[in-house]
Amino acid sequence: MSMICLDDFEAYTECFLPSAVWDFYAGGADDCESRDRNLLAFKRIRLRPRVLRDVSAVDMRTTIQGTEISFPVGIAPTGISSMACPDGEVCIAKAADAMKTCYIASTYATCSLEDIVAVSSGCCWFQLYVFKRREVTERLVQRVKSLGYKALVVTVDVPYIGKRRKDMLNDFKIPAHLKLKNFEIFKKDKDRNDNLPLCNDVLDPAVTWSDIQWLRSLTDLPIILKGILTKEDAELAVRHGVQGIIVSNHGGRQLDGVSATIEVLPEIVEAVRSCVEVYVDGGIRRGTDVLKALALGAKCVFIGRPVIWGLTYKENKCLEYSLSTLQMIGKFYG
Amino acid sequence: MSMICLDDFEAYTECFLPSAVWDFYAGGADDCESRDRNLLAFKRIRLRPRVLRDVSAVDMRTTIQGTEISFPVGIAPTGISSMACPDGEVCIAKAADAMKTCYIASTYATCSLEDIVAVSSGCCWFQLYVFKRREVTERLVQRVKSLGYKALVVTVDVPYIGKRRKDMLNDFKIPAHLKLKNFEIFKKDKDRNDNLPLCNDVLDPAVTWSDIQWLRSLTDLPIILKGILTKEDAELAVRHGVQGIIVSNHGGRQLDGVSATIEVLPEIVEAVRSCVEVYVDGGIRRGTDVLKALALGAKCVFIGRPVIWGLTYKENKCLEYSLSTLQMIGKFYG
Amino acid sequence: MSMICLDDFEAYTECFLPSAVWDFYAGGADDCESRDRNLLAFKRIRLRPRVLRDVSAVDMRTTIQGTEISFPVGIAPTGISSMACPDGEVCIAKAADAMKTCYIASTYATCSLEDIVAVSSGCCWFQLYVFKRREVTERLVQRVKSLGYKALVVTVDVPYIGKRRKDMLNDFKIPAHLKLKNFEIFKKDKDRNDNLPLCNDVLDPAVTWSDIQWLRSLTDLPIILKGILTKEDAELAVRHGVQGIIVSNHGGRQLDGVSATIEVLPEIVEAVRSCVEVYVDGGIRRGTDVLKALALGAKCVFIGRPVIWGLTYKENKCLEYSLSTLQMIGKFYG
Amino acid sequence: MSMICLDDFEAYTECFLPSAVWDFYAGGADDCESRDRNLLAFKRIRLRPRVLRDVSAVDMRTTIQGTEISFPVGIAPTGISSMACPDGEVCIAKAADAMKTCYIASTYATCSLEDIVAVSSGCCWFQLYVFKRREVTERLVQRVKSLGYKALVVTVDVPYIGKRRKDMLNDFKIPAHLKLKNFEIFKKDKDRNDNLPLCNDVLDPAVTWSDIQWLRSLTDLPIILKGILTKEDAELAVRHGVQGIIVSNHGGRQLDGVSATIEVLPEIVEAVRSCVEVYVDGGIRRGTDVLKALALGAKCVFIGRPVIWGLTYKENKCLEYSLSTLQMIGKFYG
């Protein structure tokens, strides 16, 4: 099997992983309209190439939140990554570090946030949910800062978990040999540790903008909101003093029927008027997709599922191969 | 077979029912363009989700014609429902009652309107055709009011019956063991009772707006017109003193080549300027479809075929399961 | 095999006829884009149905060129119709007469224009090509008038014959047992009679508007131009004193890449400002297609291939069945 | 196998050639979006045919860069043409000469530019890349002029070679029995002669507009830029004194995600305001495509892959058949 483009890694992953695991990673909510639209929307954007420019030296470096990364592609948070290879999130962190780019570790990691940051010398961010039990959120924020994470990415598009039909059909559960490591510390939660955090019982649908102010009071890390899809909310984000926005529809895993992220990026970029950095994720599969996102105002893009595919490919060599995935993306962008 | 979404109930029904019965329920007129467009049109409407709102408590209650229902999804009239399970319409009425929503019983029911209303403590409406023999219509109206139905839904899009090719091919007839119960009372019609009422011979293509005034003179129940698709007719409806409009293309079973109902809803909502309540049916399959309809100005939506699917699913437990169908819709809407 | 709609007759014909004959009737030029677009364009037009109108009595009669026909669907000229059933054009003429509508007999008929008009008591028109040998055209015009044809339909979209790939592949020739009867009279042409008239050698690509004036000098019959697709040519047609226009792309058999006829109908109707009657052919398969054409300004439509299908169906009873085809169209229009 | 249209030659070629060779000729970059869009875009353009014009005599002659050609279809440069038949480029040149049209010989020809021009009495142009080793480019320019080529076509859309996935998968290499003849003269490059010139190591990504001025200083031949896709670059081309522009996306083989060439032709024609001749290539398969390009302002079109198909068809008679391909195109244009 020759690995020429990301589609090849995706096809490999679909063959290699148990189908319920593949379904979990690949799935979208309801009819998967938004998941699929993310990809299609890029194809409708046309490049207008200029010629006879000196492109012999291409410098892909950029900065996000003041930190330099080697190219404008970071790694989006993906939960339960160790189903793709052992110590999944640690492997991803190593790859990101080697490639000198940013990794956003998920709250729902199967490696602890301590282990993840330990292999990272560079730009590691932490993705956070606000739980009904606010002390869980609060202690996560405190650990995150002291461990050296550089920013807090607050997911705002999960008041309720999206109805991923395949997961319901498969009765998907976290495999028994894996733990959601970031919750081990909460002793009294021990019995309900593994699967419950994925339930609606745990996430707080009552979160509002005032909770952003509460998070601000807990930390001086940059706060980045992930899941903004309208200019109105982008303006509110600026007004509430956040440092960044990730235009995201959660890979089409949450509310179905929303626009592709690349479609709403321009209205959000215009609304924030350079007050904060705007990033985007969803459907980025080629260097030209990155280029389109940057041309429309994104400072950097994030990729999620492709990194899982890289992890899966010859999982016993997962570090090497997740590196190769990232290199490939860099190459396509060149 | 796992039942995750309405599509699953539809697939079950297609397998379970005799094909001619399935064809009758599923069929549209001519090339089924409008039937299929009803579904596709919802996919073209994009949600613009706002985040960081407190959605911990969602109150789905609304009122229609002054009566409270527990969520804005009522049950559209479907003829000959007992082909899906015994005593079909009575089962539907029980389910609607349990869910505290509205059921519009069809003139062409296979249960009598007396039996239907007997199991309903809440919001039951009656769907009416105007027949060539006006005394049939007149006596139906009189029975309806005395039995406790809360509104009269007059279907206005059947001057002639749509050419449903599958029914013609199957030579579809009402099964011998079923009766159109609402016509049993008309002794002298006994011999022609069962199949004739479905024919063009019986329905009056000469009905005009003045007949709406005649119906008004017969009853003080709210009159709701079902089958309006243009702003011009919506304005006429307001001017003729009706209490509500159901934007409907009869599930694509009548004139083919018309727009999806969700496409014309906005022009009708604008035309009536809140003078009357506007409802819509056609192609609603997910909670987000309900949301889109409400966002475009509908006070409530009605669903037809999905209820038949719920009836069909394990028909020996039809009440239980049609309830479960409704609950599922409620859940998707949440 | 049940015959419910015209598609059924088409499917029957495709099965029943020798494939080269089917290809000849069904074929379009080049990639068949315009042939297929004719059909698709109707589906993009939406009806806006008004309700509560008295439609108990529908009068479909209209007049074309001052002659009353029973419904606004005439029969377009189709060449070599006897491949579908013996004495094809005579059968069509009988059917048209029985249905009290108009038949445009083709120059390339396999029955003589004398035989065709003999079975017609009503509205028969004659379709004419202008040949390089103008005396052939001239004598046809003279015969046409004296035989009682009511109008001359001059085809203007065949400067060269369209490249129908299937016919080239099949090396299509008129079957040996058939004759192009309208050319039998030209004794000196006897040897080259049958196939040559279909060749580019015979039709004159030098025909211009001044030839329309020449035709006008030959006859006082109404002259109708068939094959106009632009408002500019429609205006020229009015200025040159013709009596009617058939908006046509020759069923997609001539220049490929042009618009569907129903798409350009409005600009032509507007350009002629009621000075002449405008008709349309191409892709009309349902009563609602007729309705759309009339709503967009056509006085009458013409159908071609569906009549061939009617002829083919049980060809040993061809008169009866071509009648039934026409009745079916009438029914669909109702 | 009957050869009726270019699609037939394409199908033949796909069957006849080794799959890796077919893939090389047919392939596009990345997802092949732009390659396929080139074809689809023509189908979206509608012809508005005028009728009753005298088209008995059609004169297809035109001039390009002051030289008369017999019809407005030239032959685009295609590399390594001898995989389709022996002495591929010489055969093409003979065909072009016989048809009295223009052939643009590729730098990457498998026949020497001396041999190519030797069989051409008419209009031969030379396609040029700018190499990192500028003396290679310089000596090519000098040979070209002295040999009698009439223009220099500078390709400007290959700063890096497009990622043609099929070639990567096939590990495509120039067959061992073929040489890139135009490089044989460079003794010291002998060892790296055959495959290296196709690599990014050889082409110079630092080429800018000032290199156009350098080329101008080397020759007084007309300079034509191939690969312009924006009005901005078209204006720059005029300002830098070139004599022509070929609107091209390299058959979709370079940057994927750009528009079809026929889509951007109008903006370029308008931008140059007749200062230079504008040509177009990409997706031209029928005479009506040529017509559309000319109607949108092109002075002439160029075709590439279809000529390869003509060469492939019965390759032992390649001259005869590549002639027949060209004649066919001429015929379709008529």
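Letters are used for the chains, namely A, B, C and D, taken in the order the chains are written, and counting of residues starts over at 1 for each.
To be clear about the criterion, a contact is a pair of C-beta atoms (placed from the backbone, for glycine too) under 8 Å apart; a residue touches a chain by one contact, two chains touch by 3 or more.
Quick caveat: nothing in here was measured; it's all calculated off a predicted structure.
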Type of chain A:chain B copy interface by residue overlap (half), same or different: different
Farthest-lying chain, centroid of Cα atoms versus that of chain D: B
Where chain B and chain D are represented by their mean Cα positions, the distance between them in whole Å: 62
Chain B and chain C, separation of their C-alpha mean positions in angstrom: 44
Sites on chain C at which at least two other chains make contact: none
Parts of chain B lying in touch with chain C, wherever the complex brings them together: 30-31, 33, 156-157, 159-160, 163, 165, 168-169, 204-209, 211-212, 225, 227-230, 232-233, 236, 255-259
Chain B residues touching chain A - in the complex, by the definition given at the top: 2, 4-5, 43, 45-56, 286, 288, 292, 332, 334
